[in-house]
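Before any comments, here is the structure.
Naming follows writing order (A, B and C), and every chain is counted from residue 1.
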């Protein structure tokens, strides 16, 4: 569990202007609405400004522009440039995740050719295969599997029951959540001309950068020829599918159920919202936002926000009446044109 | 495997009117079409009424309104108010899942601070971390992981290779299927203003009620601040995503690939059909049905059925002709209005 | 790692016309663009014909129709009927997956009633339950679980952390990737009339054919009554959902995020593209292609290509303007009709 910290040390870490007693101790983080004595809150969203005056938080992180809204609030202020970022930065101090001790649990199975760094924690029933490299300060939780010749960079954390196949290279400071699968075969098959599928053995690997976060039950397939590549600082939610030979650029974000089909590339600083996808063999440039449920069917060369997915929701009876007209759209367009001609 | 039961005891359990010999033994359940000697079938769907006369089932559970359709059927009748519910209730008697013996498999790794109830079955390679509580009559199958300070209520069942993180509380009589992940980090990151993402440590937990069912490869993330909450009697299919700080009300149902984004609430007795989703930070009231593929983009305050997802399917050539018109819809609407003006 | 092979033996295996020295050794496969000395490439897609003249590949597999494009290419030619199939066939020779030795790892937990064939490799922490049958030449990787009475046919391969429940039958030559779950309970519940759900125990099993490939984090549920059935030669990508009592015909393919709801049948040689789905209780005939994101809401009796999913993507501002018109479509159609009447 987290310790207590003084507002003075918190303000110093956040480079915040402190309006209150630096000796006051903070025992936890909470929302403006729920925070009480000894708890630190934050105000990042305009929507919650009205909660500030009545908040019982011990202290609040806020941006300069909100200082005028504090009337009635009796706690301490920590004034920063970006309150949401400040909250994010301090959140690590109050993390509830257990701290793990270095060492290899006796039930773990570590191949004799594996090279294990210092201060590494290897949990119960972890299996580490031949010719692997686990750098210093890594943490591998219960039941995860690291295949032959795979590598984990310094300080990476692999949660319980993660599966990493052979020839996967993972950078430093990267976190992979439970149920994720890295390096399974890409979906490659050739029709054999007689109605069956001939498997294409997937002989490439996966290369994942530094400071990447990979969500639960997310899959990143190995390359067919050459590697699937995830850049540095990429953040990936749960249930995401990244197919063989995809390239994802640095600092891009992929929300739940998003996916990229084989051999496509996503640029840097892109965002795929929930259930957005790219078809195979296309290229999306840097700084593109793809809205929820959108299918990107062609390459994108211009930064911006793109959509094709979300249709207005309504009562089901209304939807059915409107949706059936989609099947008449081409006819409607032709009829409209004919009428225009008649009326011109 | 299941035992045999007499029609008399089955009728008594179902509070059914029995028209036949109560001594007849039943060895299994089957469909009307496939049931044979010694097997019990049911008639719940009007669609299958025509199969009744020729059914070779030993006995059939049916509703009073279908008794007039039995002409030709020589088996025994069990007449109930709701035949589908009757079938559901009796199905447990014929369950094929192996019965597990209490005890801790020698390969399991149970932390010395874990409190384990009586009549608990802990399978091979299960890992139970520090300060956990496993109540009486729980069953944990091979390879599952229970993180520090997490709790399992009485009679809950955790299938093979389930991952439960730290600080997760699960009620009694709850079942979690293989590959599910409970308590992984929510997808919380703040832009750092320099093109990178600052992780927001997820310091809340997960609280799951009693008699909940959670499908395979489903993920329920831990809260950022405060808990993600699943009510009592909720049923959740495979590949479902429940993000941080979501609240799901009692007895709601979520089908495969459905999802709820961060901080949204779903009321009680709601249904999300397959691939339906709620965006973040909205509230859906009780008794709402969301149809397949629908994206709920705003709060719903009125019970009912809502849609936005399913468009009519057709041959692909037809679809392409119509779909391209969607990109012309705004123009078509304006042109239609202009024509109306001209014609008025 | 893979060995070297002579072009002579490769050409013989592929039944290819060899234009070059049969003694030349090949050490690996690569793309036309990246292949260098000692590497074999292939030309299957018209799009890459222009890369051929400047390719530094040692040799290239190509179809007769592309021989006229080789001007400038100094490597060896292997001329076949179908270059993509040729590449697929030879890819196995260069597979990088580790070869596994027969034997049972001492950490594996194999029930005394399990029948294990010859030349079987059972990895660390594998758990094999009672009355199972594992045929010859199977490979089970770390941490996978095989439930009671389940069977694996000859030469099947189960990757790390796969979960197979009880009473699942798997054919020969079948591969299942990490995180997949076979035989979890189907999503079957009856409303109890008082607002709660009564679980329907799922007493059927799963039967999977020969030479099937099942992707990572894919789920195939057990039948409610009777079995869920997957034919021979079926290929299934990651994150696929196959519900209870579904039947999938031989050699069909299902891409990522596709799904089939309960009791539906998919014919032989069908393709479900990414995120395509079938609703429950329908039948799709042989030789049907369902395009990405399509929802098949009715049975299909005629082979062909069907769609309902992909709408044109565009800048988000444009999309919003057009999408809102979908909610006016029925009104637009009526107004168009009225205008036509007026103008007739």
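The criterion applied here is as follows: contacts are C-beta pairs under 8 Å (C-beta built on N, C-alpha and C of every residue); 3 or more make two chains touch, one makes a residue touch a chain.
Note that this is a predicted model, so its numbers are computed, not measured.
**Q** Under the over-half criterion for shared residue numbers, do copies chain A and chain C use the same patch or different patches to meet?
**A** different
**Q** Rounding to the nearest 5 degrees, give the angle of the rotation that lays the CA atoms of chain B over those of chain C.
**A** 120
**Q** Could you state the distance in Å from the CA-based centre of chain A to that of chain C?
**A** 26
**Q** Quick one: which residues in chain B touch 2 or more of the other chains?
**A** Residues 107, 125, 143, 161, 179, 217, 239, 257, 275, 309-312, 314, 323-324, 326, 328-329, 332, 336, 339, 343 of chain B each touch two or more of the other chains.
**Q** Okay, in this complex, where on chain A does chain C touch?
**A** So the residues of chain A in touch with chain C come to 107, 109, 125, 127, 129-130, 143, 145, 147-148, 161, 163, 165-167, 179-181, 184-185, 187-193, 195-201, 203, 205, 217, 219, 221, 225-226, 239, 241, 243, 257, 259, 261, 275, 277, 279, 289, 291, 294-298, 304-312, 314, 318, 321-326, 328-329, 332, 335-336, 339, 342-343.
**Q** Once bound in the complex, which stretches of chain C touch chain A?
**A** Residues of chain C touching chain A: 2, 28-31, 34, 82, 84-85, 87-89, 91-92, 94-98, 105, 107, 123-125, 141-143, 159-161, 175, 177-179, 211, 213, 215-217, 233, 235, 237-239, 251, 253, 255-257, 269, 274-275, 292-293, 309-317, 319-320, 323-324, 326-330, 332-333, 336, 339-340, 343.
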